[in-house]
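Same chain, two partners: chain A is paired with chain B first, then with chain C.
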Partner chain A sequence: MTAVESEPAETPEQPLSAPLDIGFDYTRSVGPVLGRFMAALAQRRILGVRGSDGRVHVPPVEYDPGTAEALDELVDVAGEGTVVSWSWIADPLAGQPVQRPFAWALVRLDGADTALLHAVDTGGDPTSVHTGQRVRVRWADEPVGHIRDIAYFVPVADPPADAAPTAPAPPAAATGADDDTTTVDTVVTPVQLSYTHSASPEESRYLRALADGRMLAQRCPGCDKVYIPPRGACPTCGVPTTDEVDLPDTGIVTTFCIVNVPFLGQRIAPPYVGAYILLDGADIPFLHLVLGCEASEVRMGMRVRAAWKPREEWSTTLENIAHFEPTGEADAPYASYAHHL
Partner chain B sequence: MAEQRTAVLGTGQTHHRSKRTDVSMPGLLREAVDRAMADADVAWSDIDAVVVGKAPDLFEGVMMPELFLADALGANGKPLLRVHTAGSVGGSTALVAASLVRSGVHRRVLTVAFEKQSESNAMWALSIRVPFTMPVGAGAGGYFAPHVRSYLRRSGAPEHVGAIVAAKDRRNGALNPYAHLRQSEITVDSVQASQMLWDPIRYDETCPSSDGACAMVIGDEQAGDDAPDPAWIHATAMRTEPTTFAGRDQVSPRAGRDAATALWHQAGITDPLSQVDAAEIYVPFSWFEPMWLENLGFAADGEGWKLTEAGETALGGRLPVNPSGGVLSSNPIGASGMLRFSEAAKQVMGRAGEHQVDGARTALGHAYGGGSQYFSMWLVGSGKPA
Partner chain C sequence: MTEVAVVAFAQAPNVRRTHGTTNGVEMLVPIFDEVYTRTGLSKTDIGFWCSGSSDYLAGRAFSFISAVDAIGAFPPIHESHVEMDAAWALYEAWLKIRTGEVDTALVYGFGKSSAGELRRVLSLQLDPYTVAPLWPDSVSIAALQARLGLESGRWTEQDLAEVAARSRRDAADNPRAQFSGETDVATLLGSAPTTEPTADPTADLVADPLRRHDIAPVTDGAAVIVLASAERARDLADRPAVISGIDHRIDTPSLGARDLTTSPSTRLAGEAVGTDGVEVAELHAPFTHQELIVRDELGLGDDVRINPSGGALTGNPMFSAGLARIGEAAQRILDGDATRTLGHATSGPALQQNLVTVLERG
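This part shows the complex of A and B:
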């Protein structure tokens, strides 16, 4: 990930920001009730569940909203119903079911007592949708056992002449055998989150110092502890920290682990040594990588120095230091760092 | 209103597995809830409020799970709260539920905690790389392994003690029909022969990734009097501290010490090792048993491993620790803390089955979370508190 300055270089006191994008394809096990509902969708049928009071819920609920009893009496409802309420989406987002202006609508299907939230396509015309309107399912070309097998709804009277552009189909569901009926076991629900991560003003000053090859810390005026990265306030005393201190790029390993395990999203190939590095003059260690010797030779108290990347690769990040490596000096005595563990 | 005496009326949990794809998230919770309500012999009309807990949202990608779980938890028309304190959440959720009864606000509260780890990847969720930092994070094991190394250095504990804990807890798990891992044949040697994942933590010294849930019904004094074997809540404590600050003791955090001190004081316990009959302690990596024995005051600093090595924490020992198999045998993260609390209750209710500690009258339930920054604990007893 590349650090991006949020402001032009002539206003260097602005905090730094960078994108933070994360995503995961969550696998939902849907349980026996929704599993049968989704399996029916693959057959172009819509099922509801009969509640304790006789009402039919669509989509089906697993537990009765009134009595909390488990429900399992599934019944067919119609593929046609009535718009109960709606909201116009003038600019559809990526991934929404209809990729031209459409209505999100609560549709009460014939035979159901509750309303299903889904898209209504009117060919992009906001004046062609209204409460009380009769609408009908438009099925996906190749249903797979997913709520998106219902591509969208269209007005029964005067449906749009052309098919609506739709978002790509969701990942196929996993199915399993449940007695003699095939049910859907799991569905994949991709989640993507895009943040702009901003550093604090103090951390930004530390990061800009890193871009110049300097280690910039702050000292608490109350307890004299030196923090790197600086925090702007002392977590112990609760007072603002304004005194800046330049630290050397040498220090010790207080403690460490050797990561042998690979995992999703890992940035460094295992095995590697993740170590707490306590810079000379600092009162708190930070995590970094130790190279330059066998992992088995890394010790608590070992003296290390920063191995900087080539200057032309520097930016506002601690990654300017590729790793820390042994200096060859004698280890620090345990008593000198025992209170940093 | 004066503080009310409070008791656990019943407990329930799921069969914990790596993947419970046979149930939805609501179905998973109901498996535990239905068992707890049957154990407590209560109906939905007896429940005044519901308190639910789960681990961080990124673990399952569900925001505000309490909203979509309301039907399954019978919470419509009742107060429904969600608690969040990372890995300790199961414990703090139980304590929030207990406080609603102790304060006299409600007579019976249902509390439930859960995790469906199979729907996501906790290792990924715990290793999200924040801009401007070094990407050295490696999940919970990568976080805790350096602090385990610090404990080894500080205490001088022999290397095999971690393996003793792991073998003991997994064999205990084999006695627990709900446990995810049930390894009656595991030995200290086989643990030591397992792969080193986050040196100094080995594969067999690491908790599994589980789907599971746990629930309890907590009632007031009258409800406790009417129950056949209530677990009376004698003391509760919660403490928090920042994850990092200069001079922080990462091996034995002050928040844990302070919580334990408060707990023993409330319960009138002066010698925990002699006065407590069983302990369910949150041990996701084996070495946390001796570490927490010291943090909780069962042993002096640097001495906890001696209790483990001497077999005192095994079933039949002076203080059986994690007779259920503990987090090392089942780890639905959001529920793991509540499992500790409910297993402590089961011991004093005499309902722990094959992993029952003979004659247990006083038991500790303990949970911690985050970077050892949240601590929650309770002490339960078969007798009513003074």
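This part shows the complex of A and C:
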């Protein structure tokens, strides 16, 4: 089967986009200085570290900002202090300590010489915070050895009557060896981010064609190579791919691997084959599954055909093709695909 | 050692949102064409490539690899990347030419800030143990810095509004700026009737004490600079902008441990390059008060023209706005409008890290 040129669309379409929500629980080793700071937080105490010049840094720093000397003299400071500067956030962002309008503040705790950045809750009232204000810690209900054990600060005079809504608490930290609760080894910080991911115009046309069961490629006007998915720029020529080419859903395996290892989120029981599929008429392979035969039977040059999901399940995704499976035709000779490896 | 010069600069339109991908290809291909046309170079003439961008802006790993497609990177090229503003990529490329290893380099930066929630994403550049887990956003941190200056008398609301008004007026002459407009301090502070139909200056304390006009917009964009050895530069531009000094320094990441109304790193970098006699300075200040800090630390007097492009306050494409400041400063020399200019770039929260370069007519 040979590639067929298709008519370009008459009207330009908006590129496809979709929400992309990603998250990861960052697990961080904290070392001896921050480890003791975190462990003290779990006991509702705040530690600072004495710097080369005698200044007490809160939060503690591991090395002096001026001399770079390693620091390890930890000292207790108060859970009460003075606002050095503040700013108001009317619409708190996800994850921020207070989930109603609040003040970010630099707070110099009594006994400290540097200021700690944290939240001050005034019950949502922007007029109830000022520089020089005395504030004190409101501890989390169940401290775990994490900076968020300081839930937020409240004014010493006239604190809000109700507790502020807060973001979900972080997971418990891992404590020192042999359950030594005076140090914390690691802290866990969940990070969640939300994006709008946009496909390029070329990718969007390819994805929309997939929803119709077509394999739409584009040819580079510079070097004549046929790319699927099409590219915003040909990696050889640096120009957008333009001429559209409909490809068949048959091709060959150029190279492959047999997956024997189970992993989180795996959808198929191992062993199975992940392979580079080079469609007939294409110049670049893409990764897909080869099923329908024993993993040990898959070989380079093997002829394969797409196994499509039922039509009612199709959308703008390559997942419309469940996998590729052998056609039973004779293998392609190595020389015919050597330059695509 | 080899002298290095800027021979071409181009930037994509600064816009609030593109339909493009986060790999920047759509923004980069046209501006690469611009600098090729201007210099007569083609991609095979470029000795070294260096870019600045961030996976956190794109929300995916190794996003800069896709951007390399815009180059046409096969056969393989000599390439590097920094997860910083591309001004720091320019520093790397400058070094590469200084050593004599290559005699041309193309530096580019790009970012689609609109893909995520920028001010929240930027909190992940903070200390990951005691600060980032609180998600303090970039605007709130700058606002803490602004208040310290306001309450100590270091600057006034009027000073800040004056910076904003001048930036908007100047941006009228910059076709790539995100926005511009004739305005004045009284209008911005709400003490005069507004002439901008969309503005609501009385209700724009978006991060008290910062007002809307104090804060750089969220911008998608890209920029590119071509560097060449001074010898090669003479063939590529009529008036190359020779880099007579470039230096970058960093302050402690501990926000509460330094005086946020100063920027020692900017001062040190400025002293290292020598800022005397500068006619034009392009300062990368995403907040109005930060321009005042940088200007003071660099010792720039009233005779120095600040940000004739409109600056970052009228378009702040993440990871290329700093490079664009150097490009704008170089362009004054390339155009024959100045003989000694300064470009500044910043990175991190509250002016934590700063790069200063001085350019001269070759």
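Methods note: the second predicted complex is superposed on the first by the 313 of 341 C-alpha atoms of A that agree within 3 Å, B and C clash if a C-alpha of one lies under 4 Å from a C-alpha of the other, contacts with A are read in each partner's own complex, and residues count from 1 in each chain.
Following the convention adopted for this analysis, a residue touches a chain if its C-beta (ideal position, glycine included) is under 8 Å from a C-beta of that chain, and two chains touch if they have at least 3 such contacts.
None of the values given here were measured: they were computed from a predicted structure.
Look at A:T317: by the touch rule set out above, it reaches chain B but stays clear of chain C. In the superposition on chain A, contact is made by A:Y227 with chain B only, not with chain C.
Look at A:V259: by the touch rule set out above, it reaches chain B but stays clear of chain C. Using the contact criterion defined above for the overlaid structures, shared-chain residue A:T131 touches chain C, although it does not reach chain B.
In the superposition on chain A, contact of A:P65 is made with both chain B and chain C.
By the touch criterion defined above, A:H197 reaches both chain B and chain C. When the shared chain is aligned, chain C comes close enough to touch A:H146, but chain B does not.
Of the two partner chains placed around the shared chain by superposition, chain B and chain C are both touched by A:L34. After overlaying the two complexes on the shared chain, residue contacts for A:L287 are found with chain B alone; chain C is out of touch. Residues 20, 22, 26, 28, 30, 34, 61, 65, 189, 191, 197, 199, 203, 235-236 of chain A are contacted both by chain B in one complex and by chain C in the other.
Against chain A, in their complex, chain C makes its touches with residues 19-23, 25-26, 29, 32, 43, 56, 58-60, 68-74, 112, 114-117, 119-121, 124, 127-137, 140-141, 143-148, 151, 205-210, 252, 254-258, 260.
Across the complex, chain A meets chain C through its residues 14-15, 17, 20, 22, 26, 28, 30, 34, 37, 57-59, 61, 65, 84-90, 93-97, 104-106, 108, 114-119, 126, 131, 146-148, 167, 170, 187, 189, 191, 193-201, 203, 231-240.
Contact residues of chain B toward chain A in the complex are 19-27, 30, 44, 58, 60-61, 71-74, 76, 116, 118-121, 123-125, 127-139, 141-142, 145-147, 149-150, 153-154, 195-201, 242, 244-247, 249-251. Across the complex, chain B is touched by residues 1, 3, 16, 18-20, 22, 24, 26-34, 61-68, 70, 176, 185-186, 189, 191, 197, 199, 203, 207, 223, 225-227, 235-236, 254-261, 263-268, 272, 274-276, 283-284, 286-289, 295, 300, 316-319, 321, 334, 338-341 of chain A.
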